[in-house]
Amino acid sequence: MKVLVLNGPNLNLTGKREPEVYGTATLAEIEEKIRDLAGRIGVETDFHQSNHEGELVDWIHKAGEAYDAVVFNPGAYAHYSIAIRDAVASVPVPVVEVHMSNVHAREDFRRRLVIAPVSAGQITGLGVSSYLLGLRAAVELAGKRVRAERNGT
Amino acid sequence: MKVLVLNGPNLNLTGKREPEVYGTATLAEIEEKIRDLAGRIGVETDFHQSNHEGELVDWIHKAGEAYDAVVFNPGAYAHYSIAIRDAVASVPVPVVEVHMSNVHAREDFRRRLVIAPVSAGQITGLGVSSYLLGLRAAVELAGKRVRAERNGT
Amino acid sequence: MKVLVLNGPNLNLTGKREPEVYGTATLAEIEEKIRDLAGRIGVETDFHQSNHEGELVDWIHKAGEAYDAVVFNPGAYAHYSIAIRDAVASVPVPVVEVHMSNVHAREDFRRRLVIAPVSAGQITGLGVSSYLLGLRAAVELAGKRVRAERNGT
Amino acid sequence: MKVLVLNGPNLNLTGKREPEVYGTATLAEIEEKIRDLAGRIGVETDFHQSNHEGELVDWIHKAGEAYDAVVFNPGAYAHYSIAIRDAVASVPVPVVEVHMSNVHAREDFRRRLVIAPVSAGQITGLGVSSYLLGLRAAVELAGKRVRAERNGT
Amino acid sequence: MKVLVLNGPNLNLTGKREPEVYGTATLAEIEEKIRDLAGRIGVETDFHQSNHEGELVDWIHKAGEAYDAVVFNPGAYAHYSIAIRDAVASVPVPVVEVHMSNVHAREDFRRRLVIAPVSAGQITGLGVSSYLLGLRAAVELAGKRVRAERNGT
Amino acid sequence: MKVLVLNGPNLNLTGKREPEVYGTATLAEIEEKIRDLAGRIGVETDFHQSNHEGELVDWIHKAGEAYDAVVFNPGAYAHYSIAIRDAVASVPVPVVEVHMSNVHAREDFRRRLVIAPVSAGQITGLGVSSYLLGLRAAVELAGKRVRAERNGT
Amino acid sequence: MKVLVLNGPNLNLTGKREPEVYGTATLAEIEEKIRDLAGRIGVETDFHQSNHEGELVDWIHKAGEAYDAVVFNPGAYAHYSIAIRDAVASVPVPVVEVHMSNVHAREDFRRRLVIAPVSAGQITGLGVSSYLLGLRAAVELAGKRVRAERNGT
Amino acid sequence: MKVLVLNGPNLNLTGKREPEVYGTATLAEIEEKIRDLAGRIGVETDFHQSNHEGELVDWIHKAGEAYDAVVFNPGAYAHYSIAIRDAVASVPVPVVEVHMSNVHAREDFRRRLVIAPVSAGQITGLGVSSYLLGLRAAVELAGKRVRAERNGT
Amino acid sequence: MKVLVLNGPNLNLTGKREPEVYGTATLAEIEEKIRDLAGRIGVETDFHQSNHEGELVDWIHKAGEAYDAVVFNPGAYAHYSIAIRDAVASVPVPVVEVHMSNVHAREDFRRRLVIAPVSAGQITGLGVSSYLLGLRAAVELAGKRVRAERNGT
Amino acid sequence: MKVLVLNGPNLNLTGKREPEVYGTATLAEIEEKIRDLAGRIGVETDFHQSNHEGELVDWIHKAGEAYDAVVFNPGAYAHYSIAIRDAVASVPVPVVEVHMSNVHAREDFRRRLVIAPVSAGQITGLGVSSYLLGLRAAVELAGKRVRAERNGT
Amino acid sequence: MKVLVLNGPNLNLTGKREPEVYGTATLAEIEEKIRDLAGRIGVETDFHQSNHEGELVDWIHKAGEAYDAVVFNPGAYAHYSIAIRDAVASVPVPVVEVHMSNVHAREDFRRRLVIAPVSAGQITGLGVSSYLLGLRAAVELAGKRVRAERNGT
Amino acid sequence: MKVLVLNGPNLNLTGKREPEVYGTATLAEIEEKIRDLAGRIGVETDFHQSNHEGELVDWIHKAGEAYDAVVFNPGAYAHYSIAIRDAVASVPVPVVEVHMSNVHAREDFRRRLVIAPVSAGQITGLGVSSYLLGLRAAVELAGKRVRAERNGT
């Protein structure tokens, strides 16, 4: 099983940017922890980060063909990118949406989640664990999907 | 470590009520799965369900004294109970909010989450896994809190 | 056929409270009139009133198993209780919503009816007749449901 | 006693139009059922249907002089015709508003009821029964009005 | 000079309908007073009342060709008829909008005036005087228009 | 009979300021026209203009004691001064609100009229005629009030 | 194939009214152009214009029985007539909505399109071409519908 | 004279919960201070706290019969409980609403006060003094009511 | 200790203006009662009333230097004067906001309280008692402030 | 004449993605049909699709110099990209906006069309025909523009 | 060249009031810095501060005649004074609006800027530099205006 | 000191696009003027323009490491790009936001400024001067920051 861990805008600065909100672990360190867990549960992972909305759309499309599931932190695009929403709705693989910070406890505009209605589920506010639990969820959903397809449902 | 798994209104009907939304597992079966995982990771769990807002407030208060963490599915109260919100904000233990269905993909009024700004994190839309991942998150947060207290921070 | 007549908050004061809005008949007198009509059309009725949201949820659940239909005046909860809404949506029996006063002719907040989208129908503004017509409607809907079940639809 | 049963726009298509919403009975068949009940309770009924807002205003005015009560299904005009609202408020006879479908369970704009604050009561969502119960309510209100006038109140 | 005095829905009931809002003078009596003033200031007047939105549109069109000005009480249509608004905007003659009652002191929805942005001016809340002052204003505006046309501006 | 003609902020610049909106007549010239008409109909007039909200409140209070009626152009304060609204509501004499420009045809914020619900009537969009017709209306309302007081109603 | 070209309020004035918005071609000239195109593609056309909402409802109903498709410019009713919306939703033939002006580039209230959710498609802002392209679209949709019916889908 | 001091949800935690908002005095200590003042001004007091909306409704009803006045801190229910609002409106005794914190200086949702329109008055933001001043106000209002009843007004 | 009692617009008319809302006591009589209580609790009071927003700002500034506390009835400015809000936020002395009428039971616009977030507390709806309780609150807060300053906190 | 057919985000998946909404024709097949029509009416076409907002801006700029018109399906960007709106407004060539699905019949957020006020016209809901009719409209508008430039208007 | 530096409400307290927002420089010190820069670039400056809305209107009027430009910090009036807005729109000289604090980073109500649409430009959030840069901008705009007038444009 | 002058979407067309809004100077000419001023005050400048949101995020990140300050005209992204907002908030260097046109005097949607709450200040509506004054502001803020770091604050 192959899972894409996709990160949106400004997440390349994680660990340096607003540490009181996002903690001090860098994106590389977070990816390391995800890779560890993935190894333990026998899953292959790829990582990509982009600040470009269109590039994230491209990667979601790619994931629809080359991956079994996506763990996706859309960053700020979670709040307004209908283009990404439509991309997520367009692909057959489960996309689990994760946020490190509790978006409901911040500015009002962060409570509008435009991708959430079409993502498979959301894990929010749990720091690095949001990714780790997101990986578990993605793997389980992908497993179910494979079994459903085998059974012809 | 002792975790309270608290369920709000109408969740006693899970498995019977709108199975296309909530699945066919009954609340007892869900609790069984949670207990299984709890056992495997060495955590003690108690379960309570209530349709009464005030009773949920009472239990949150109680959890503040007698439990290390709460996995809480507030059901419909998630969308308007400021009383429960204030209860969650009043207790020192982490309260992880979980929802089986993807509240963002249903009626508009379910996108208003009044407890979320004060809950420790939210796990949404992943069916029974919402509880299981919620338990993992609660345990981790409770562990951090204990270590922080020991270190005097 | 067995119909539950369920009354929500403050309706125990009917006849004493704001008589220019609710008339001077007490709840007991209203129930008497309902029982009369029920007797004439050969229906058994039970009556319950509660000021507690959770208790109303409990009774709706109970009605789902022990009654053929419900005539329900949710009182103020009509305007904000999503918990009761979910309870009504969870049970297979028809729930006819009734209001004695014309909620559309009063304060703005009474025009928001959160239970109405899932109740079988609404009868509003007709005083005691709201209950009596509600009983007739409930009996008819319950009859249809029974016939539909017999016919396997 | 003479009751006008007045129907608004598109109701002439009932039975042909969106049968999953409005049932398969035609307007003529519905009127037949109303005439039946009227006969049984000793009431005379007239029927009129119009797609024209102004014509409905005219008929409400006429009803204020020539009828004892009105059973009125304003159709779509229920949601925006202030002209009809003012007509209903202008006449001394009771106007009972009926809707066959549950307007609260459909599009958002159908939840705005501009005539309801001045109609005597509303019966909603009960199909043909909305008319039949509406007739009973209209007759009762008209009776009360007559008695009140006799008593000089 | 020829002025059309045009009245919208329910104004045929003036004097009978809600006398505390509209006074006790009937429409015929009001028209008599307008005719009196018109006679004194040497203006010819025609009167038309209709409850039909389309008919009012037709009359506004007609006025654009056969009258020098319009005194127009659109009644309830003032609050939502964009069709009438467009008719008023389409004709070259001045249309003075009048209301007998103070629309700002009544229900909120009466404060939305959709025709007002394209009517030549509004006179509101002054009872029968709203018409009389409206006639004076219409005559003056029509006079200016005639003079402007003569001067080629 | 004594009428106060009261003008609000920026009206001292009339004739110089935005002539395409307000015309080229100066405030002095407008007052001259009003004085002319007042003379012809046998009414005494006083004039006051102020840019100060508090001063306008003071003058309304004064008018309540020393004048029979007020013709009042509140200028921009029409759109937000609740203090002036309360002043107008506090005095027993009729206050006719006038606007030279059609406030409904300009910026959205000019359509909010906070004084209008308590002013006796409004005359809007008719340029200098707004004042002249406003004077006629004020005189008539003051006359009615005097007669009513004499008759003890 | 028979197509009804239906025009709403004020379109009888096209060419005379606000030519900077609607161009200088009269309705008769526009209809001539439509007839030309219809002739070339072998379609029969009828034309009707009305300022009356109810009459437009009547014509839509008629079209449901006697025409294969409708090209419909609802004029101002596009922005508030739920009655017409319901009529369009009630008939089985395709109704293509056309607007000569770009409604999105004008007043805010013209951006609310209440009929659009149930019309087959919309062509907006292209002047007379809106009708011509609308005719092509209507003919194609009607053709598809006929073929689908023949194939029993 | 007998006054009920009624406290709503989470106020049992006062002194422990968010001390920077609510101070460090416990509910018992606050009640002690109230009892002191009550003793000094010769008033008898009873105290009740509940986290249950329905129970608060029940107590308000009870107060309507067994107490002369109520000092009521509705806690979070102040912001959404229409059921409690209706209870307060239903009883003849004065209910003075008190809040320890300044609800206007906190989250937006705390500025919505649904009970306030029917409570006798509100005292907000003054910590324990809110209760003490509330007691004084309640006693005075109850005294006036008794005197008014004696005088038959 | 020296307390300023500051009154905003139209309060000079108290006792004459809308007595059903504000009672029949004049401002002078109210000030007399306040002076009485002040005398009894050993506090010096000054009184000022102004209809001018700027003057109220000036007085709040002055109070920041020459008084220990302010009892402030901002009248209508409570609902929109951000200038006064900023003045209150700028001074170190406690400003207790009082309203004689229950602003929550009147027009909607009176429920917007822009000064309240920065005033020390609010006492509303209790007639003359609002001032008297406000004086007690102001004195207590001023005392606490003095003691805090002495203790260097 | 040279026309650019520009497609926005996710349209590369057309035919694979949500076929019940967008049909089963792939983008290549759609382009083929457009090329066919273009050939028949003697127009040269270029095609470009991008998921990147900035790239679409770049292409609109390019079209302003190298093409005579644009047929543009902005996809999801239609609902929020002010950057693209400004690009469309910046170029002198006509940009005809097309949508395959009826955006008014889908989620609420798709009814907000931010580019529409500056596009030359919109064709919506007609599937592949939206492009074909859009091409006809673009060609006509470009022709008019060329003629207008030649005539020096 | 003569520039008026005009300051609105509460700015007389600058340096004393909320220094974390407005810095510690007093208004006198700020004016000193402005005078310094003015001297260096050869401009004469006058300074005025007022807490009175009407007085600010008066000064804007005066500036229209006696100054070449205005640097204006409207303080809180920036957010609601339409009277000042109209004054600024009435005068021919450029008025540059300045704010020391970043109004967009504070309370929501400070983001509503009612004067900004008619001021020549805005400089916000740069502390004392807002004034200094505002002076430079005002001087440049005034220079352009003079040159344009000389050239007769 | 090194300052990045960063320009957002469509600004590459400045001078060609809507000259009545943006003037006739091209971006190259504007950059020349900025370079001039920079030279005079001894600052090094780099220039970058992009229509791509993601590229602007990338450049802000780069500026956080390689520049002392940024003068940033976000163009249309100012109104909706939360991704750029987060980038600006993530970097330690001051970002001064500039707009050539007065965004408050244009369409409503341009008054929503999502980056402004985290930019150091805003200079709006002053044409090319917005950049020049922005450069001065950026230099001053960068200087302060350097000094603060040297002083260890």
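Order of writing sets the chain letters: A, B, C, D, E, F, G, H, I, J, K and L. Residues in each chain are counted from 1.
Convention: contacts are C-beta pairs under 8 Å (C-beta built on N, C-alpha and C of every residue); 3 or more make two chains touch, one makes a residue touch a chain.
This structure is a prediction, so every number in the text was calculated from the model and none was measured.
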Fill in: Topological distance between chain E and chain J, in contact steps
2
Worksheet, complete the sentence: A correct list of chains touching both chain H and chain L reads none
Practice prompt. Using the touch definition up top, find the fewest steps from chain F to chain H.
Written response: 2
Worksheet item: Just going by residue numbers, which of K-L, G-J or C-H has an interface where over half the contact pairs are the same as at B-H?
Response: C-H
Fill in: Whole-Å separation of chain centres (CA-atom averages), chain B against chain L
46
Fill in: Inter-chain centre distance, chain A versus chain F - centres from mean C-alpha coordinates, in Å
63
Discussion item. As a quick test, compute the distance in whole Å between the mean CA positions of chain D and chain I.
Written reply: 54
Discussion item. Going by the contact rule already set, what residues in chain J reach two or more other chains?
Written reply: 52-55, 80
Discussion item. If I apply the definition of touch given earlier, which pairs of chains qualify?
Written reply: A-B, A-J, A-L, B-C, B-H, C-D, C-H, D-E, D-G, E-F, E-G, F-I, F-K, G-J, H-I, I-K, J-L, K-L
Item to complete: Using the touch rule from the top, collect the residues of chain E that touch chain D in their complex.
Response: 8-10, 12-13, 16-18, 50-55, 75-77, 79-80, 109-110
Worksheet entry | Residues of chain C touching chain D in the complex | 96, 102, 104-105, 111, 113, 116-126, 129-130, 133, 136-137, 140-141
Discussion item. Could you list, by residue number, the parts of chain B that touch chain H in their complex?
Written reply: 52-55, 57-58, 61, 80-83, 85-87, 89-90, 114
